[in-house]
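Look at the two complexes coming up: chain A is in both, with chain B in one and chain C in the other.
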Partner chain A sequence: MVRRNEAKMNNRHQTKKRLSGLLWTLLLLTIFLAGLLIWTVLNIPRPLPSLSRETAEYLAMSGVNNPVTAVLLNFRGYDTMLEVMVFLLGAMTVWSITHAPFPARVANPSPVQATAVRLLTPLVCLIGGYLIWQGAYQTGGAFQGGAVLSAGVVLLLISDFIWVPRMHSLPLRLGMAVGPLLFVILAIWGVITEGSLLKLSPENAWAYLLFLEAGCGISIGLTLAAFFAGGRPLGDLREEPYKADQDDGEEG
Partner chain B sequence: MTNLLYSFTGLILFIFGFFALIVCAQPLRKILGCNVMATGIFLFLVATSYRADAAAIDPVPQAMVLTGIVVSVSVTAVALVLATSIRQASDPFIARRKKKAKGDARKKQ
Partner chain C sequence: MDAGLTYIYTCFDIVLSAALLWLAWQLLRSTDIFKAIIFFICFGLLMSIAWVRMHAPDVALAEAAIGAGLTGPLFLAALRRMELGSRKERRIDGKEERSEDE
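Presenting the complex of A and B:
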């Protein structure tokens, strides 16, 4: 009976769907909503109000040369701080649900795959670091560089190396926390030196922002890879690193 | 004119994602519908930062889109892990196989 249920679940995509009356009503309502939104977009009063003049005016005080990076990290730095916290909160939620589902028997990677990963990982670190650094001058910055770094870590995760599930989890946890921690330290430093949260003095802002971007880039890379792994690392901080015959103790 | 084209594309993507979110029964398709909605909104926001003179683009919507992309990645990851754990908890086949594996491991000790 289990096999028949499984067969029915596997064939569900092959059954034909008939559009019922409810679905037609929903379709018509959605088309009406689309028409309403299109009419709204057509009637937006142009020219749109813009902040480009003010951004260009204060760009020299922000410590970077790119207007998008200046808005993201300096002028609207509070939003970015909350966004980095939301990122960490998402990782905590994913970790609280399940262990990372590594396969029970880890196979050795083929020589081609191992060589490719060994060649690509330093390149990924280099390109990610360059993207983080060049955010001050062109498009780039912590998020773009962090995404490239996370691609490198995901490459390590999917390449079936034996030592990856057995790594100690403390460097991973410290790396994930360094971005939000640097933001909070910078915010408090702004209160201490200038009197207001996240206020950076114009002559030192470039140094603060470079430091902040480096930390956030590392933490974004590790957190994105933790999202990909899909659960908390197998070695807990209280116990020893994961051994092959250790049992979860829970389902899922 | 190209500005309107990008805005409408973002809007159409939003409508597609909205429809898929309501109509599809499987959780993975709902999560993908949310993602498509978010992508449509990001395209619309970036299209509003266009100005006729190329020297003076508006950087604020682009920064908001960066923040939005990061938040949507977090939400997608949490939703996917939740959907996986719901499926594993409610599927009798997977639960039976997991119980057998746990029983084998305990018998081996």
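Presenting the complex of A and C:
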């Protein structure tokens, strides 16, 4: 009995570690760095050096009314193009590791879960699409709407619907590729019509950016959900969509 | 009136910063990974409010959706896949969850 109490006390003593000397040094260095950053931020010279005046000047030529979207998609469109390609590359990296771990024995979803997902998914599509479209004149845009869409797809993934693992993977792959593809097509179109990469003519820029935002929003949504799924879809393009014994035995 | 509003904004900023710092400290020092992930989700939501206070609503939308809504469940899914291997993964020092008093 005494040994048991002693073991318990030792266990409790071990879980309450004291900060060692090295950790104290690192903590003090971090506090010093934080103080330095606060002092720097408080001493930034006014007026702040920024490009907001030039952005407001050229906003009419960019095809949208929101300065953030104009900078992201038109003035610095090259950076956004590389960013959506990095998304695709990240999804390829995650997919190259393993298959997506769907449970082997799928339990039917409870009525509450099924109803909630069925009610929420169209709403998520509506709100995501509205955020994508609203990026032209208010806060929003492809990334924000795409993130909301990805939350909807994640909701579908974690609900126990039987048809989710059995979906054919070709629409998913096409949807993930449409964002970077539209960017590349627009870049080459800029070379053909205007002579410079990603150069959009001011009178047609609104149409180009609308298509671009829609495509990028869809592809960002599907790519982020593919990150969450954690592996490539069960139906490879060369095989059958889904076989009952195709799981890796990871779920139990 | 304007001085009062600035005073309220300053108090709100101080409380928000203190909450962010406390959440970050708890997130780094908790031995239960599940607890740390929940702290991370709360941190993402408060950070979204901080972005609004810095007059960046687009970043706030993206932070709320991606930081709290996607990275949080991503961590939870990763923890679940880790836990399928061994039950001890949930604690950061690898001990069993029940105290061993055998």
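Just so it is clear, the second predicted complex is superposed on the first by the 232 of 252 C-alpha atoms of A that agree within 3 Å, B and C clash if a C-alpha of one lies under 4 Å from a C-alpha of the other, contacts with A are read in each partner's own complex, and residues count from 1 in each chain.
Assume contacts are C-beta pairs under 8 Å (C-beta built on N, C-alpha and C of every residue); 3 or more make two chains touch, one makes a residue touch a chain.
Treat the numbers as computed from the prediction; the structure is a model and nothing was measured.
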Worksheet item: When the two structures are overlaid on chain A, which partner does A:N43 contact: first (chain B), second (chain C), both, or neither?
Response: neither
Practice prompt. In the three-chain superposition, say which chain, chain B or chain C, touches more residues of chain A.
Written response: B
Discussion item. With both complexes overlaid on chain A, does A:I97 touch chain B (first), chain C (second), both or neither?
Written reply: first
Practice prompt. Classify the contacts of A:V148 with the two partner chains as first (chain B alone), second (chain C alone), both, or neither.
Written response: second
Item to complete: Report for A:L26: first if it touches chain B alone, second if chain C alone, otherwise both or neither.
Response: first
Item to complete: Please work out whether A:G140 is in contact with chain B alone, chain C alone, both, or neither, and reply first, second, both or neither.
Response: second
Discussion item. With both complexes superposed on chain A, which partner does A:T80 reach: first (chain B), second (chain C), both or neither?
Written reply: first
Discussion item. Once chain A of both complexes is superposed, is A:L224 in touch with chain B (first), chain C (second), both, or neither?
Written reply: both
Worksheet item: Can A:L51 be said to touch chain B (first), chain C (second), both, or neither?
Response: first
Discussion item. If we overlay the two complexes on their shared chain A, which of chain B and chain C does A:V68 touch? Say first, second, both or neither.
Written reply: both
Response to the item:
Going through chain A, the residues touched by chain B and also by chain C turn out to be 68, 143, 224, 227, 230, 251-252
Worksheet entry | Touch list for chain B against partner chain A, complex | 4, 7-8, 11-12, 14-15, 18-19, 22-23, 48, 51-52, 56-60, 62-64, 66-67, 69-71, 73-75, 77-78, 80-82, 84-85, 88-89, 92-93, 95-96, 98, 101-102, 105-106, 108-109
Discussion item. Which residues of chain A touch chain C once you look at their complex with the stated criterion?
Written reply: 4, 7-8, 11, 15, 68, 101, 131, 139-141, 143-144, 147-148, 150-151, 154, 158, 224, 227-228, 230, 250-252
Discussion item. Taking the touch rule as given, give the residues of chain A at its contact with chain B in the complex, in rising order.
Written reply: 2, 5-6, 23, 26-27, 30, 33-34, 37-38, 41-42, 47-48, 50-53, 55-56, 67-68, 70-72, 76, 79-80, 83, 86-87, 89-91, 93-94, 97-98, 104, 143, 220, 224, 227, 230-231, 245, 247, 251-252
Item to complete: Within their complex, state which residues of chain C touch chain A.
Response: 31, 57-58, 61-62, 65-66, 69-70, 73-74, 77-78, 81, 84, 93, 95, 99-101
